[in-house]
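Okay, so chain A shows up in both of these, paired with chain B first and chain C after.
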Partner chain A sequence: MDPILTTNILNVVYEVSTLAVVVLGLAVVFGLLNVMNLAHGEFVMIGAYCAFFVQTQDLPFLAAVPLALLVCGFIGLVVERILVRPLYARPFDTLLATWGLSMLLREAVEAIYGRGFRSVATPLTGSVDVLGAGYPAYRLLLTAVSIALVAGLVWWFVQSATGRRIRAVVNNPELAGSVGIPVTALARNTFVFGCCLAALAGVMLAPLLPVNPTLGLDFILKSFFVLVVGGLGSLVGLISGAGVIGGVESVVSAVSDRTWGYSTVLVIAILFLWLRPNGLFPRT
Partner chain B sequence: MASFLVHSAALVAALAVLPQLVGEFWAYTLALYFLYAIAAMGIGLCWGQAGILPLGQSMFFGLAAYLSGLSLIHFGDSWLLLVLLPASALAPGLLAYGIGVLVFRGRTLTGPFFAMITLALTLLAFQIANSWNDVTGGFNGLKNIPGLPGLSDFTDLYYISASALAVCVLGVAWLRRAPAGVLWRAVAENEQRVRFCGFAVQNVKAVVFGISGVLAGIGGALYAPQQNLVTPQLCGFILSADLVIWAAVGGRATLYGPVVGAVLIGILTADLRDEISWWEVILAAIFIVVVLYFRQGLMGFVEPRFERLWRRAAARDIESPARPGAPDDTGFALDDVHVRVDRVRILEGLDLAVDRPGVYCLIGPNGAGKTSCFNAMTGELPVRSGRIRILGRERTGAAADVLSRIGVGRKFQAPSLFPDLTVAENFNVGLWGGRARLADLVRMRSHRWSSAILREAQARFPFLAEEDRRAGDLSHGQRQILELVMVLIAEPRLILLDEPSAGLSQAESREVVEAIRWVGSRLQACTVIVEHDMTFVREIADRIFVLHQGRLLASGTVAEIQADERVRAVYVGASA
Partner chain C sequence: MPRNFGQVSRRRFVAGAAGSGAAIVAPAVFTGARAADELKMATFFPLSGPAALFGPTGTACTRLAVDEINAAGGIGGRKVTIVPADGGAPPAEAAKAAIRLMLRDKVELVVGSHNSAVREAIVAALKGKIPYVYTPLYEGGECNPNVYVTADTPQQQVQPSITWLARTLGAKTYYLIGNDYVWPRKTNEQAKKYIAEAGGSVVGEEYVPLGAPNKFEDAVTRIKAKNPDLVVITLVGGDNVNFNRTFAGFGLDKSIKRISYLLEELTLLGIGDKSSNGLYSAMSYFVNEKSEANAKFKASFAKAFAPKPPPLSMLGVDSYSGVYCAKALIEKAGGTGDAGRLMAASNALRYRTATGTAVMTNRHVVKDMFLAECKGTSFEIVETFKAVAHGQACS
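Take a look at the complex of A and B:
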């Protein structure tokens, strides 16, 4: 196979699978709580800054994982209590409030670290030969971890008791509450879980990104577009959405430049929002 | 009107003396934030009045700024500027209207979708402005834009901005008070009812979005000559976000809220951003607190006190114009109508026809398809096969607003009105529907319309004469009657009523029977009533139709239906 083609295909797979991790957190929260957390991208950003912080302290890269989970889990816990829970009945205000939160987190990080780009050293250097194409080992590892993470979470969701409870609450929160499922606690845990997933993605992606306070903005928009294109129905929707958005962006960017890639994604998102707001695989 | 003139004079006077009070430096700063304030007012109009949140206001601001900047660079001292500058301000309005027509057409998009579309459009606009080097100057933008010819002084700039602000504030104040404003607030509260009053809601929303685009355009068109520099950031996400925050914190539903928000926060930010590094964080926290606890914003504490003065119902001393061109035919016919939602069969070949005025009752057990029959007629449920004739023409699948304009009125099972509007405003939306021309919607005198049916209804139900009350404060029974009267004052020829007596006392119920009979005979209308209360049916029905499992089971007079074995079997649950 042509090495350039191989590289491009691997790029698409990498783009789609890492995007899927970020979207999964957003989708789980939206599916269960009906809350579109517009600050989701900022949790990715904070995760990335955790990786940067760990590096400044001369700690091993993996130390960033527990740190990011702790920081974002705690923020998520507080946010769920004071900001998300009071607004369950007002979904539109939740959108605004989480949007305000995204500004708050972004500006707070900016106040601490400044606007400049930071870089995080790649923990795994070197490249691996894939069908004659040299591909960065860390990217390959990341792709594998992302796929494993998404697959593992879906498997857990389908077969575990907690997964069943979550699905029960999605289906009918009142009935779920009346048969003894602790809906409030489940909602809180889900929100925190979504934030932690974003934080984890942030840590993993930090070595490959220019780490800066506005990094979350790109992620939330792309994730939102994935949900719009894929629909909120199923895993198939999520993956096809991530495939369309991540795939189109990396393919068009490869053929032309990043501006065109980004603009094409925007146009696709606008068309979907306008003509098919329930996406390819709507929730029934 | 007098209060409007006082308001205008006070505003002009305040803006005229302000530079003397604050000095030249601040006047220059204010001149910039006044332009942002005008754009923020557009958000107030869309979001605070019509309930649609535009997250892409900067796209229109930026577009106007580029257009006006290019005009000034290329035609800086030509008379063409007299055309080009206003055109730069209006072009974004046209674009916004066009986007609105496309986005709102044929579907009631929920708020977040519209907001996200405008956000995505703004991001796209930024990409275009940032990369189309030949026209926009790319990342560096348009530089050295000449100022407006004939102006030199900083204070001149102030007076230009201040005049624009005054004109916009007064224009918006007028629109808010005019029928258009009432209509926008009605759309924010209950789109469906507005549609059933005969208004094409998608146009109403597109117009308000277009006006907000013009406001952003005015701000942007004046920005270019004032700042002499236009960069892609003007189309960017950050300015859009700032405008929304200013409108929210100042008070989105108020007239001055967006202005106060833009000027106060804008100037505080410009002043404090460098001194307090956490300023933006504090601002974001304030925004969150406003969203959570003070949705009315700063001016929400002040303005409603004044607003009560002019929101008082006007005396109804003008006879409303006659409804134009209702067809002479009465009645309707459903011919083998099938309706399915997913795999659930709702109507299974329903045949039902009524061809002369009178009161007809639709009865049947739960799930028989009574309300669905109405929904199929008014386009709420898609008809898979079969045909529906209404008032003399086939109108299968016609939209509710079109039907309402030709004379179909519908009352819903649960009272569907505008709880946050006054009783007077609820009536007015009913009266304007089908009667008001475009010009009537910006005229204050339309608030004074009256009609014979309205007067009669107010005599029968005295609580309807207390027109200053909030509709949401009425009891359930009173709301049922208010909605019924809203339907009747539109003078429909085909009246569809879904359980009009639910929740009424016996006395009220008798009054309703009389009112329906009176209006029906006066308008020579067909009245079709879905009803479970057999006492009510016996009192009012000329003829009864019994539905069962999506088909017509029986029809006849009250006595005939009571004697019908099949009907009894259905009601006691035996197989027919």
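Take a look at the complex of A and C:
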């Protein structure tokens, strides 16, 4: 196969799978709690800064994973208790509250690290030969880990007891509560879990990004498009949404340029909001 | 500092004091608001928005220049005070701020380092009533009355650097990538002209939206397919970081050279030492520039803002020179009140910069330009181009 074509195909797979990981936490929280966490991108950003912090301490890159989970998990826990829980039945208010939170988190990181760009060294340098095309090793690894993460989560959600309980809570919270499912704890854990997924995505992507306090803004809009296209609240929807948004953008960008890629994504998002507001896989 | 600097300024001091005294006495009678001994200078640096990264350096450099000037007697004998405004605000907001500063705060001078949209708004608001010194690098073409541009122009950045790279690296094929707005397109117009003159050809040209969450895998793959000798980059900020990291991530840095036209110390920090191999930059200031003047400037800067001085970079240091340009201009014209005299005075105006002196003609600046190669996260100047023409024809 033509090495340039191979590279382009790998680019598309890379873009779709990393986008799916970024949206994963957002989709879990929205699907299960009906909370649109506009600070999701900031949790990604904090994850990326954890990778930077670890680098400044001369620790191995992987040490950023537990650190980011700890930091974002803790912030998520506090935020769920004081900001999100009182607003569970009020989607618009949570939207505003988490928007405010996103500004607070950005400013907090700026206060610590300033506005400047930080670079995180790629933990895995060099490239791997794929069908005659040299592709950066770290991107390949990232793609594999992203696919494994999404697949693992889907599998866990479908077959585990906790997954069943979560689905019960989503379908009918009162009934779920009355049969002894701890609804409040489950909701809290779900929110914290979503934040941790964002943190993980941040660590993974940090070596490929301009790490700065406004990093999260780049993700939130595209993540929202993925949910619009895929349909809110199912993992199949998430994967198909990431496939459509990430796939279309990178394919169109590859054959023409980024301006067309970006415009096409905007048009698709508008068409979906207009003609199919529940997305490809609406919640039943 | 040039040896005759103190002498010249003392002579102009007298002329300036006389002129500006006449200019300010009349309004002071009516409003009583203006202290006769202070000259208010408005500054527009990005305090918010994506360029806010450069705000603290600009603010600090201006502070340093003003403190130095005030310690030496001020501008034309008048102490300078700074009235800061946000150059990162939307253009309409900046215009309102400019009008308020001029009418209510009675500023007599504006110094700004911000994007061109904001510049156009400020120019329209001031209507040439007070002098306005514009300092960052820009696309050229600003000739409105009473506006003085100390910025690097595309002619200054592109002509010597492309010619040098074509000759030294033997570059024949070029790929141009930039953000989609006026500065990259004007800069690339110049680049295409000099590439053709050097006998090279452009094998690809593309623009990505400004302010969109751009990724560069596709562009880098296209560049890989075209395999040019040199990539000419007019991306800004995060996009510049992102592109160069992706470029090196795909291993293209090993075989293809790059030159970026808005690459200073802060952006290079984001690109990182692993991705800066074979990357060049061409501007009128680098922190590593070796002149005595720059060493002095850096020492004063470090001392003035100890223990934690903001990071120095071209965007920020430009305003240090901008303030000195304003001082020389006002002293030579004998005050801030007469646009005609100021514009006449700007011709062949000599003023102090962080790295020496520069000369203004056609309200732009003939200056020394540097070509630097990235070594890790710092720049090493590989060539100095003396007194490069700005290519602007303002009357």
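Everything below uses one rule, namely that the second predicted complex is superposed on the first by the 278 of 284 C-alpha atoms of A that agree within 3 Å, B and C clash if a C-alpha of one lies under 4 Å from a C-alpha of the other, contacts with A are read in each partner's own complex, and residues count from 1 in each chain.
Criterion: contacts are C-beta pairs under 8 Å (C-beta built on N, C-alpha and C of every residue); 3 or more make two chains touch, one makes a residue touch a chain.
Quick caveat: nothing in here was measured; it's all calculated off a predicted structure.
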Room on chain A for both chain B and chain C (clash or fit): clash
After lining up the shared chain so the two structures overlap, which partner does A:L124 touch, if you call chain B first and chain C second: first, second, both or neither? neither
Once the structures are superposed on A, label A:L280 by its partner contacts, choosing first (chain B), second (chain C), both or neither. neither
According to the stated criteria, A:S253 is in contact with first (chain B), second (chain C), both, or neither; which is it? second
Which partner does A:A269 reach: the first (chain B), the second (chain C), both, or neither? first
With both complexes overlaid on chain A, does A:G261 touch chain B (first), chain C (second), both or neither? second
Let me test your reading of the model: by the given contact rule, A:K222 touches which partner, first (chain B), second (chain C), both or neither? second
Under the stated touch criterion, which partner chain does A:I9 make contact with: chain B (first), chain C (second), both, or neither? neither
For A:G134, is the partner it touches chain B (first), chain C (second), both, or none of the two (neither)? second
Of the two partner chains, chain B (first) and chain C (second), which one does A:I147 touch, if any: first, second, both, or neither? neither
So which bit of chain C gets in the way of chain B here: 99-107, 135-143, 333-341 or 351-359? 99-107
In the superposed arrangement, what residues of chain A touch both chain B and chain C? 217, 221, 259, 262
Residue ranges of chain A touching chain B (in the complex, touch as defined): 36, 83, 86-87, 91-93, 95-97, 99-101, 103-104, 107-108, 110-111, 217, 221, 224-225, 228, 259, 262-263, 266-267, 269-270, 273-274, 277
Could you list, by residue number, the parts of chain C that touch chain A in their complex? 50, 52-53, 180, 206-209, 212-215, 217-219, 221-222, 224-225, 237-238, 241-242, 245-246, 249-251, 266-267, 269-275, 311
Can you tell me which positions in chain B touch chain A when the two form their complex? 53, 102-103, 109, 111-113, 115-117, 119-121, 123-124, 127-128, 130-131, 237, 241, 245, 248, 277-278, 280-281, 283-285, 287-288, 291-292, 295
So in the complex, the part of chain A that touches chain C is made up of which residues? 4, 7-8, 11, 14-15, 115-122, 125, 127, 134-136, 138-139, 208-212, 214, 217-219, 221-222, 250, 253-254, 257-259, 261-262
